[in-house]
């Protein structure tokens, strides 16, 4: 396996298992001069921390981050930034049973096939805890974006049958309810739906939506490093995500050129502007100056207590009820993971966007 | 721009513009010993060649491929394979007008912003002709997969409102109708729909579906080089694609763990098998031995003759009617592009799957 | 084999065999706006063209380059630039004999081991003709450097026992003698030495030196992408090169800190300057503002007509006399190859040097 | 800066500064099933640990390594292995003075130019302590090589004017003297020479030699990922190394084809063998089955107590005497660093050597 790194110029390398000593990330390519301390990272990590509500695992983890390198006197130095979060509540006794069988919807069997055996404690590397490194790195990327005037808003768009109503959209709501919805009413309905799932020892899927404001136009590199391509790769690398779309997404399949094209006009400020934004802010693989809008479909938590059929390592058909402390829905805690991966990708591609014109390179080195 | 390469171990580098001298690709990492000649490539290229039906551009191109390196006495040598297709029917006079304004839904404006100017002849690098290099490389990847017993079936799943009926699914139909649908009735309806689009000087979107048979399990590298991740990147790098999903895709958002998990049982052959395939053949980022199923949403051709608003380079609001020889739908010719990108990705990841276990490496070098 | 690409941001992908249809390169990452036409490339290619003197192979090749993409109306567009040189004088009949045995000092046997068979015509991919792609790309890199005010001087430092005398150093001489020495007297002696080698059906090694003027300080990325590291990789990727050194090079092994350190002083222009340049312009892996100086040791041409022992494919000990049109020395024609690889590396690392400081990135995107 | 990773398939990412909290590495691409615990790593780290003799810095560091991930029940799992060594004896007060001026031979000034400021404590990222991550990763790579039957011998070839006598070569001596020489007499002379350097507050350069036994033939990927190319990159990425050569190295410049070519003969075992090994085990960029031999020239420690001229941050010419705990010679502690980088490179390229032939890939996946 050599799949622990993401990004070309702003590059992250994550490591760690659910029940090992800890998890972390090395961020390479962060420019010098960014004010940074552990609190900047902690704010992001707290958004994915377990035990925050009834709808997340009750595992007790403070997820306290420690920065080991790359920061000196409160600023990034330009060298690799290593960050570490120790596991505190491994309780690996809970997981002794699952060593013997293959959990439906999990990577257990594939790990055995690929590697010959697996770290069966809590999913090992394929646990949701794997995203700690992504989020810690995402906090840094987000700070860089902020310095460039770019902001990201990410939230739960739906849980099971409950979707937000855009007429009630209120960004301030996002961090105020346990399901990170920008619509208090929908949040309440979603929580009620989750209660019913939990009662049935079942779990729910959902949808995450992400919007980026103030992205400069022309970012993204045809033909294989388009902005949408790399955002897609970023999002689809997150466990449990089965679909990705940008702008009108799957709706375009039924659209026509006339209904889907974004026409241009001169804006009040004398700049060219798009009249509509079906493209979701990316045209021809490059940011087009409009708001970037993307969505990800998240599958239901595969670990459920309801009875399921499976096979054990002895090759026998068995029925199981998975115990342990599992989230009834992945979506809310994945919101900050999506935001982090988007931020990392945008920073990477903004850096890549600095040498498309010779005259700007000459100017840079003058 | 440095986005012309795709893949890590089986790596392609494409080049060429719509109205330049030609287009091509360098394939690096093709193993030695694969029987290969120009006919193998031509079969693939013919599937995306223009002028094959009423529903494709009437530009006259034979798209004849020439292999320049990496093949000796009918076999690949292990060195880089360079392939070239010359443009024959550039007719760049048709495109002189579009130099002066920005076509809605195209990359024109972004190219000007990013590079300071653009090759305005037929979209330059962002033309659909860009995919010639992908398809030529895809033909090689497909031959390798064939040697490994892996096959791919790709087709049009829908055009505008017309979708195939899976009860009438007939793979033999795919290459027998102009819209590459595995359902003759749906194909006829789709063609009728396209006629109506053409009459309205409009165009249509659609959906492509791709299935892979006999993929070995355990391929894909957590956490950033998952099989679905790289398939997503591959597909989303194709122009006009706005959405990607695998298996149940966006349906998972409304599913529950019980309905979405694929349970296991012992098969008649004594091997573990999945009872269902909601995952679309990829679990935990690795192939799980089942058929891989993925879908891509393709936007309508942005070049339409109907009147559209836009802005010219003088900064004036204008109305335009784009002339030229454009496809009323992108989907059918993109089918082989999707198949090619899938094949390239699978070969790349199969190679990457060869050093996950120490004992197999020791065995290899014994 | 997947080793046909070099560089990260300014990336070249070369292809082609000695006796195939042609050779070429795809240059990806060239910024838009560089004036470029075939003559710029041809000047470089002519410096490595065969048949220029008694001391190069008599193979007749015009090495005429054709640009296929990435240039529009005389300027680079920012898209991939594909260049092609056709082989004209393959004469592969000359090479039929060598198919049966392994030439000492060549890659023949290794190719058979690695790939199962080989393109035996003239060395195939491991021929010196492989460098055509490097030189064509190097011409572009050199033009970019020129726009940035950076210049490179490369020349033969020694051939066999004959080295240049730095007191007679005359850069204007380099292109005026057949061995590319900046010292007319040494050049004459070197040519006399080559005559004696040729009479003995033998060949000679030699040394190439390269100097870079006006390189900005601070370029190079600790700890694995140092400037010297990548220059070393670039040079050591050229066939026949067995040693690389920078600045005082191997002399440092016998030096002391006092004799080897470059002390600093304030210059007349109020800038800090180094009093000496033992480091060869690179300190701590980064350019230090002084002239960059590097040297490469080139082995003698392995193809010689004198009798040599070897083994044939039947496993018999035999004696051979290699026929064909071989250079008695590799060095002179490799001078422009070294210069090209240095230019490519410098451009790549200059681009990589654009995002080390946050404030400059903010300024860039303002 | 994005230069913290090395390798393609077996990839290491190092981080950490001389006086930060610690240093470490993430190893990605280690196959599953390798027995591994902290003692395997510690043996390697102890070979570069400070305070072992009069000739190394007296800084007190146990350099105790902790493995955080990728190992389960005593075996590697195939996931990323994160390792950490905490700094224990930072004593950063020693370094407060050097914040104000630029040390000759160090990266201080370049860091300020590149990043705007620097972590001035003990050289920060450009300290010799940076190599801890390389050596920890090298220990793993060496274990893999051992499983494949490949061994590496590395030692000091010379210190200042004192070189080993190959007639007295005794590999067992290497770990038995403070300067890691395979010749007890030379070691004593070298130590005497170092005493004289120390008395003069000066330091010494030297040479390291490395030999690899039992490397399979055909490893290395023409034309840019040759084995010698990547070994060169690996070695030249180590601080203080100014020259690299393979086999006869710089001697080839004065050699002839007849003297330099390695002729072939049939061996007693019925296999083709080289009669000589001027190539140093690498021909045409691929291992040729013979012992690989390479050498690196190491500059003298730049930190010396003798008086040197430099400039301070106020722009004044000053004279300095660097205090602190510095090694009078870098070579002995760099021996294990060279061995580690060679091991990492060999593993990476052995993995890359697994898909050169189609039939072996087919066999693998059967």
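For reference, chains read A, B, C and D in written order, and residue numbers begin at 1 within each chain.
The working rule: a contact is a pair of C-beta atoms (placed from the backbone, for glycine too) under 8 Å apart; a residue touches a chain by one contact, two chains touch by 3 or more.
This one's a predicted model, so the numbers in the text were calculated from it and none came from an experiment.
Q: State the chain with the largest centre-to-centre distance from chain B, centres being mean CA positions.
A: Centroid comparison gives D as the farthest chain from chain B.
Q: C-D versus B-C: which has more C-beta pairs touching?
A: C-D
Q: Which integer distance in Å separates the CA centroid of chain A from that of chain C?
A: 45
Q: Quick one: chain B and chain C, Cα centre-to-centre, how many Å?
A: Once rounded, the distance between the two centres reads 38 Å.
Q: Could you tell me the distance, in whole angstrom, between the mean C-alpha positions of chain C and chain D?
A: Here chain C and chain D have centroids separated by 26 Å.
Q: Where in chain A do residues touch two or more other chains at once?
A: 1-5, 8-9, 14, 29, 32-33, 78-79, 114-116, 125, 222, 352, 356-357, 359
Q: In the complex formed with chain C, which residues of chain D make contact?
A: Touch residues, chain D against chain C: 1-6, 14, 102, 104-111, 113-116, 125-126, 130, 158, 160-161, 197, 200, 202-207, 217-219, 221-226, 228-230, 232-233, 236-237, 239, 242-266, 270, 272, 275, 279-280, 283-288, 297-304, 306, 308-311, 315-317, 352-353, 356-357, 359.
Q: Spell out the residues on chain D that touch chain B in their complex, using ranges where they run on.
A: The contact residues of chain D facing chain B are 8-9, 29, 31-34, 76, 78-79, 144, 147-148, 216, 222, 350-352, 354-362, 364-365.
Q: Across the complex, what residues on chain D touch chain A?
A: 1-5, 8-11, 13-17, 20-24, 26, 28-29, 32-33, 66-70, 72, 75, 77-82, 84, 114-119, 121, 124-125
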